[in-house]
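Shared between the two complexes below is chain A, which has chain B as its partner in the first and chain C in the second.
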Partner chain A sequence: MEYFIYIGTLIAIYATLTISLNLLVGYTGLISIAQAAIYGVGAYTTALLALNFTNDLLISFVCAAVVGVFVSLIIALPSLRLTNEYFLIATMGFQAIIFSLFMNLEITGGASGLYGIPHPTLFGHTIRAGWEKLLVALALAVICYASALRITNAPFGRLLRAVREDQTAVASLGKSVFRVKLAIFVFSAVFASAAGTIYVYSLTALDPVAFHLDESIFIITLVIVGGTGSLNGSILAAALLILLPETFKFMAIPEAIAPEVRQVLYGALLVFFTRFRRQGLIGEYRDVLK
Partner chain B sequence: MASADTILRLEALSKSFGGLQAVRDLSFDVNAGTITSLIGGNGAGKTTAFNLITGNLVPDSGHIYLRDARVDGLPPHKVARAGIARGFQELRLFNRLSARDNVEAAIPNLRGESIIRALIGGRELMDERNAADARANALLDDLTIASQADSLAERLSYGQQKLLSLGRLLAAEGELLLLDEPTSGLSPGMVDDFCTRMRRLTGNGKTILLIEHNVDIVMRLSDWVVVMHQGTKIAEGRPEEVRNNVTVMHTYLGITS
Partner chain C sequence: MSVLAQFAVNGIVTGSVYALIALGFALIFTASRVFHFAHGGVYTLSAFAGYTVLVTLELGIVAAFLAAIVTAALIGVLINMLLYEPMKAGGVSPFVALISSFGVLIIITHMTAMVWGSNPVVLSRGGKTTVYRFGAIYTTDAQMLIIGFTVILAVALWIFFRHMRLGIAIRAMGNDSELAEVVGMPAKRLRNISFIVGSGLVGISAMLIGLNVGIIDFNMGNEIILMATVAMIIGGLGNVGAAAGGGFVLGMIQNIAIWKIESKWQMALSFAILIIVLLFKPNGLFGEKRPATGL
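This part shows the complex of A and B:
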């Protein structure tokens, strides 16, 4: 039972991450490869806060979001004025820098990460049981989905799509492209960091490898498999791609090579979807890059 | 020209790209409520002049005034907010948005375009949305493409796309409209329709600055014509004056005798 609760929590975390990235990639045409870095900033902020100051869940969310947004602004200010391909490369650079800091700083525990993180508390109650953590993770995913749905259905969402279609035209209509991009980038960072909080508290430990470039590529894979510009697709893809490798456990694949098989599988899916089904499983749009 | 009702003034604008001087010492005025045409052969610098006016390019020297305010050096979205609406030769529609969304995306000052307001929601935004829908539907109706309101812009025929780009331009509510070859690729019937619409627009207080290749349309439609050649202005005047100008006949209209 614990096992299924853990898988459920993982799916909720990845659904949150995928939706937050889909707003950038699918709606706005901003292909960011730094989502895992911002996710990691949220996770490290939460872990350091819990180890040194407080393990209050709400304070953790707020602090993770504040630091996550701060870092996202450092990424956004030089990157957002670049065109699509260069934006992608710039965010990859930031991903590499931030991961390297996680791995090498003393405060982040270097390559061994941080452990012995206390369980979180909410209104004085300690959240210890797996199912309680699952509920928190689900609550975050639902809030993320609902707010993403709300902003994408509003005129703001239309403006996001317009930016994806033609930035020059958007500017010619008197609307600041940079402001729109900045707003969605910050919004996305809030949820990516909050996902980091959930991750740390569900494991009560933190491994820097979880925030490697591979992780950013995995989240992009989820966006593409689910469908760029489809929030439901993001949830579906998170569920499917987390569950899929778990089925290895019931197949004759040796535990030792399971992680490699998983990487090959994800890579193959990425190639398959970009080549044969660019709208993803249930997505609306075929092409993000024009 | 009279300066009292001058809406746009270009003063000694120059722009070069590397060794190529695309626009050199270009000055002219556009009077409010008129149609002014910018003509000249390929490479004369017409589109560069447009890009300078709209802030897509920054001039090397010279100034641009909209009414009394300097707009050179402003980024494109601020120039647009100051009241200059631009149509593009290559249309630049939002292809995977519906025709109605293309128009609504141009409506200025929508509160629902703020992420915070979008999150809060509320009755006010619903009212705003209904008003925007009504405005877009009215524009699409007037442009005879109301039946396509829910189609993606990329699914429309070329003629319909041209009309839609005009609709988007009008929704932006600029007082000065910059149109880059609005009639190219249109059937003769649609060209007539376009000319009628432009006349009606100036009647409703809009001012139009036009890049146009079709000399007949220029002569028929314009109140004032500015002729460019190799980046400089070689003549300007009323259409009949320009038509009779010897330099223009030689260099642009290709009449030698």
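This part shows the complex of A and C:
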């Protein structure tokens, strides 16, 4: 049972991350590969806060979001001056720099990460059981989904799609393309860092490898497999791609190479969907990746 | 002072390594406009092909280099023919091919780990390493080989792209594929040739670098392709000579920085340089005048 609860929590975390990135990739056409870094900033903020000051869940969320937004501004302000491939490569640069800070700073615990993090408290109640943490993770995923739905259906959502389709047209209508992009980047960072909070409290430990460039590419894979511009697709992809490797346990795949098989599978899905089905599983817009 | 000179020599060696990878990467980019990150995977795989021939089968160093070159050229051109060309034919931008190439990189990297294991293996041709000493500066024969090969290759490619018909044709095609086809260039074949040559070069590089370091592992291509990307962009896009120059500059900066900054910050430093160059000198240090951010 603990095992299913853990998988469920993982799916909720990845659904949150995927939706947050889909707002950039699918709706605005900004292919960022720094999402794992922002997720990591949220996680480290939460862990350091819990180890040194407070393990209050709500305070953790707020602090993670504030630091996450701050870092996302550092990433976005320069990167958003570039387009397409160059934006992607600039965000990849920030991803590498931030990962390097996680690995090498003293306060972040270096390569061994941070551990012995206390369980969170909510209104004086300590959240210790796995199923309680699952509920918190699901609650965050639902809030993220609902706000993403709200934002993408609002006039601002149309503005995002307009930026994706034709920036010149948006600019000619007197809207600032740069400000729209900055706003959605920061909004996305709030949920990515909140996902980091959930990650830390569900494991009560933190491993820097979870915030590597590979993880950013994995989140991109989830967005593309689910469908760029499809929030339901993001949830579906997170669930499928987390569950799929778990079925290896019931197949005749030796445990030693199971992680490698999983990576090959993820790589193959990324290639397959970019080559044959760019709208993803249930996306509508084939044109996002054109 | 001699310490600084030694760092500079180390910088030239590291720079040559980056330049070697960046050359093939830039050649492929010039022809296809794809940031071919899977190049890192081709690099890894060809090193293991060479390792199998040299260490497992004991067929000698020449056969090992040949195996590495053939493997690399074959995989490289297959990636182009099976993935990038159909995408291009379907009107998909090279940007999507970039994302796809991350997938290919992941597949090759982890399949290598499945076949050869995830622990590093020793790549050695036996015999002793000759150490050369110039005053207080030390260097080895493998390092001299890397530097020499890089310089010859960079000059040869520069001449190829500036003064030979085929090279000029490839550059023209990179600039405007449709126009090149309209005037009767065999664009598809030219791109395939670029992938064969660019990947073949990375096969040689993989062996040279593998023999110099002495060990290879399945992850070796991942970091080096990032450094090649940094080198290509800080040098200047769409120009192989500039990419090689970028490699040298990057290698020098990294090694001279060791003087003041701990080596663990090399990766962060390299990417910081990348971001600064992207923002303030998007055409690169040695690039042509062309808006690199709006290809």
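For this structure, a couple of remarks:
In the analysis below, the second predicted complex is superposed on the first by the 288 of 290 C-alpha atoms of A that agree within 3 Å, B and C clash if a C-alpha of one lies under 4 Å from a C-alpha of the other, contacts with A are read in each partner's own complex, and residues count from 1 in each chain.
Definition applied: contacts are C-beta pairs under 8 Å (C-beta built on N, C-alpha and C of every residue); 3 or more make two chains touch, one makes a residue touch a chain.
Because the structure is predicted, anything quoted here is derived from the model rather than measured.
One of chain B and chain C touches more residues of chain A, and that partner is C.
When both complexes are overlaid on chain A, the residue A:R81 reaches chain C alone and has no touch with chain B. Shared-chain residue A:T168: touches chain B; no touch with chain C.
By the touch criterion defined above, A:L270 lies against chain C but remains apart from chain B after alignment on the C-alpha atoms of chain A. When the two structures are aligned on the shared chain, A:I220 is found in touch with chain C, with no touch to chain B.
In the superposition on chain A, contact of A:I257 is made with chain C only, not with chain B. Touched by chain B in one complex and by chain C in the other is not one residue of chain A.
Remark: chain A residues 147, 150-151, 154-159, 161-162, 165-166, 168-177, 183-184, 187, 285 touch chain B in the complex. Residue ranges on chain B touching chain A, taken from their complex, read 54, 56, 75-78, 80-81, 85-86, 88, 92-97, 101, 104-106, 108, 110, 112-115, 117-119, 121, 125, 128-129, 132, 168, 172. Chain C contributes residues 35, 83, 86-87, 91-100, 102-107, 109-111, 113-114, 118, 226, 229-230, 233, 264-265, 267-268, 271-272, 274-275, 278-279, 282, 292-295 to its touches with chain A in the complex. Listed in rising order, the residues of chain A touching chain C in the complex are 31, 78-79, 81-86, 88-90, 92-94, 96-97, 100-101, 103-104, 214, 217, 220-221, 224, 257, 260-261, 263-264, 266-271, 274-275, 278, 289-290.
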